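Take a look at this one; I'll ask things after.
Chain lettering (A, B, C and D) follows the sequence in which the chains are written, and residue indices restart at 1 in each chain.
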Amino acid sequence: MLDSISIIRQKIYKVIFETDTPAGQRFDIILISAILLSVLAVMLDSVEQIHAHVGLWLFRIEWMFTILFSVEYLLRIYSSPRPLQYIFSFYGIVDLVSIIPSYMALIFPEASYWLVVRLLRVLRIFRVFKMFRYLTEANILLRSIYQSRRKVLVFFIAILVMCVIFGCLMFLVEGPAHGFTSIPKSIYWTIVTITTVGYGDITPQTVAGQFISTLAMLAGYSIIAIPTGIFTAEIVSEMKRESGNRNCGNCGHRGHYKDASYCYHCGVKLPDSEV
Amino acid sequence: MLDSISIIRQKIYKVIFETDTPAGQRFDIILISAILLSVLAVMLDSVEQIHAHVGLWLFRIEWMFTILFSVEYLLRIYSSPRPLQYIFSFYGIVDLVSIIPSYMALIFPEASYWLVVRLLRVLRIFRVFKMFRYLTEANILLRSIYQSRRKVLVFFIAILVMCVIFGCLMFLVEGPAHGFTSIPKSIYWTIVTITTVGYGDITPQTVAGQFISTLAMLAGYSIIAIPTGIFTAEIVSEMKRESGNRNCGNCGHRGHYKDASYCYHCGVKLPDSEV
Amino acid sequence: MLDSISIIRQKIYKVIFETDTPAGQRFDIILISAILLSVLAVMLDSVEQIHAHVGLWLFRIEWMFTILFSVEYLLRIYSSPRPLQYIFSFYGIVDLVSIIPSYMALIFPEASYWLVVRLLRVLRIFRVFKMFRYLTEANILLRSIYQSRRKVLVFFIAILVMCVIFGCLMFLVEGPAHGFTSIPKSIYWTIVTITTVGYGDITPQTVAGQFISTLAMLAGYSIIAIPTGIFTAEIVSEMKRESGNRNCGNCGHRGHYKDASYCYHCGVKLPDSEV
Amino acid sequence: MLDSISIIRQKIYKVIFETDTPAGQRFDIILISAILLSVLAVMLDSVEQIHAHVGLWLFRIEWMFTILFSVEYLLRIYSSPRPLQYIFSFYGIVDLVSIIPSYMALIFPEASYWLVVRLLRVLRIFRVFKMFRYLTEANILLRSIYQSRRKVLVFFIAILVMCVIFGCLMFLVEGPAHGFTSIPKSIYWTIVTITTVGYGDITPQTVAGQFISTLAMLAGYSIIAIPTGIFTAEIVSEMKRESGNRNCGNCGHRGHYKDASYCYHCGVKLPDSEV
């Protein structure tokens, strides 16, 4: 009896947690679809016209998904060999947070509170991040980003220092009369300019201000080369490492193509690529 | 007699389908010019002043091109050794779709229907894509894009998730009063911001909104480094393969290393490098 | 006597045309300064307030520079060993074109004509391009651009085709009521969007239009990776070739750093770098 | 007695100037925090509402930091073995300039003068640059930027020449009636366009102007590939050198190839590679 329960538990675990069995893969695809649909329902509900017409249906759909995700959450805890480790893991917390808002809306039905609840409900979308687990190609990207983290940090500090300086200069040159009402607002304008977004809600009016903003634009335009260069260099070296991972068993030569079947140096058959 | 027909058919085939004979090249150049001219006519016809003055002439020109392309389409079917294969190929369908709208406008002459017809007529422009067939340089680009398709997909999913999160946050922070009327509209704003387009039709008004949009801008500004890095790494490795320019005499595989002695695909000894 | 004239002519040639003697270098620096000053004078003259106050002085300065450049032009013809070759060379034509507008303004003093003359006068700025002759570092850039010209052409054709398609779609979806008055104007809007400039003078108003423009933005945002990838790959290989240009006289090893003094393989002193 | 003063002085020197001892590191962290807080106080003081409520407190905080930085400046002079060298070094001047504005505001308390004082006070922010000293990762970036300085300069001259030409063209085509009031303003517009910022405060109105601006946009959109390519190529080669991580025991030069046997700088035999 206990044994059969244990078998069912193991089966649930395999379906819910594992991704390399057909059943597990089907479960994940259904889960991702459900998440996307529930997010879509929240998004559509925010459009006034849609809310007026099918708001009740969207409310029901949201509850259906909330119950579904709650059951899934409980099954995850039940089937996990180490429930506490799951609960306090990143995904465990995200799973819980993505179902709480709906229940909170039940206990405190005041209209004014609803808005705050929605803020938390938005977090449900983080669940989509789980998708990354299933994409092995993401590893090379994440590793490259991880490798370049320090250089990118240095770059970001340099950008921010530059933004503060340009912001202060523009506040002094243009002043509150031309929309630069405070240094923080001027820094906001500088970031809009340096990232080349350029809304045009605040624009320099004086000749000096236009000259300084020209410098900020050219700086922003060329500085983008720096993170691109850093990341490209990392990904080039990551990809080289990836392709270098296959050694010839006969002569020891490395750096074979992913689609290589024979060693280019000694002509002996290579072992199959693990990738 | 039959033989001479067959010879004419072959000649037509050579002129229309092949691109390595002088006659075939001349035909292609004329065809591309005709396509560009017909597209230009459609474009000019959309300008109200031009339509009022030379609308009739543009109408005639359009019909001349329609008849020309129809004859070309029939000749392609006639001369092709496997007509069905051509008809259902990508270019066969594009060729057909690019002449249908004009004929449809004949049968249903209602004014209101014209606009719908024009929507299909726009597809005629896809014919220009055929140009790519003649540019061998496009191969290296297409192969690099193909190689990096998975990584770029992961990147796009990450971007979209980010856009949805930022869109929800801005909807909650700014709200309908400042132009963020719904979550889909907020996501539209987020994409406008993250891609650094920045129309300025919707702009954040609150301090919190400006702070969040600053984060979105900086994210969008640096994230562009990722697809650039991916694609650059691919094109560097594609060009390295191409520059080797050594083909295997046995299986025809290309892109061997300069110091390769054996084909990585079939293991046969390669001829010595000329480089 | 003739001999001394010939010597003077040679001296003039050395000063004006050559760039590796101290006198030639000084002449070039003075020339570039004069060009920049004359361009600055034209630019300042266009500002209404400045024109009202010092317009006469700027007029005199312009004439001074015109006479100076005319004398220089005649001396170039005189001292050149093959005057015709100089006159019909790129720089010869640019030199002539940059002095003509002022003289044309003398013969036809009508006020209305002045504006047209100014259009030609603007070309004087091309003279600044001569600066490139003195910067050897520009070679590696120009060669990389030249190497990647075909791939970039393919890329530009793809961009333009995409712009026409998106332009037509937006014209049909948004229509003249929302500012998309004709297909050419819609294409203008598409280029503003795809290049991420985003003026905001025309913006999509309908949901369908905003969705399509979102696709255009994302396409434009990621497509920039392609020319960057092409050019980076070219410049990487150009720089490798540059550094590979130094061979060790003793062991024949290549690929020494620019600042290397000894062969890294055999330790023998390397010949001096020509760069 | 003198000896004990000398010991205290040395201790102060170690804490203030050195960064490799625990005490020195703690001091630097506190110093950076203090600088960031004082900058934050200046920024908040510029917001009218905050100034009205807590302006007096911010004034006191500013004075606290001014006194703190003054004491630090005097200690730096006192403890430095070569005080004059410190005073006239880049950081010495920055340190002095960042405390002067507050004292100047004391002697000349006129309200109108305050604004000018603030302009100098803004320079206090440069002090943050000292942070770079502590980030070794910045070296690789700075060296890559240094290596590519000439190519980037050529690129910037080309951009500026292009901006002047496009600016003149747009001034002639659009004219003062459409916001292009002078050539300098047209150049400002061109830089806004080429860097893809696109405020939309000035936009082309005529067909010819829109066509020319389309060319400027496409140029700006693709030209960004050039500095990115230059910098990426430099950082790739810098990282390759760095990864070798082999130092010459004789002259200390770094960045030898993995297969290098002799130092490229002094020709002495290198120790075997550990990689």
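As a working rule, a residue touches a chain if its C-beta (ideal position, glycine included) is under 8 Å from a C-beta of that chain, and two chains touch if they have at least 3 such contacts.
Only a predicted model underlies this, so the values are computations on that prediction, with no experimental measurement involved.
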item: B-D compared against A-D, more contacting pairs; value: A-D
item: Numbering shared by both copies at the subunit D-subunit C contact, with half separating same from different; value: different
item: Selected from A-C, A-B or B-D, interface repeating B-C by over half of its contact pairs; value: A-B
item: Subunit C-subunit D separation of Cα centroids, rounded to whole Å; value: 29
item: Between subunit D and subunit B, distance of the C-alpha-averaged centres to the nearest whole Å; value: 42
item: Distance from subunit D to subunit A - Cα centre to Cα centre, in angstrom; value: 30
item: Touching two or more other chains - residue numbers and ranges from subunit B; value: 184, 196-200, 220, 224, 228, 230, 232, 236
item: Subunit B residues touching subunit D - in the complex, by the definition given at the top; value: 196-200, 228, 232
item: Sites on subunit A touched by subunit D in the complex; value: 150-151, 153-155, 157-158, 161, 164-165, 168-169, 171-172, 176, 181-184, 187, 193, 196-200, 203, 207, 210-211, 214, 217-218, 220-222, 224-226, 228-230, 232-233, 236-237
item: Residues on subunit A engaged by subunit B in the complex (per definition of touch); value: 39, 42-44, 46-48, 115, 118-119, 122, 125-126, 128-129, 131-132, 135, 137-138, 140-141, 144-145, 152, 156, 159, 184-185, 188, 191-192, 194-201, 220, 224, 227-228, 230-232, 234-236, 239, 255-257, 259-269
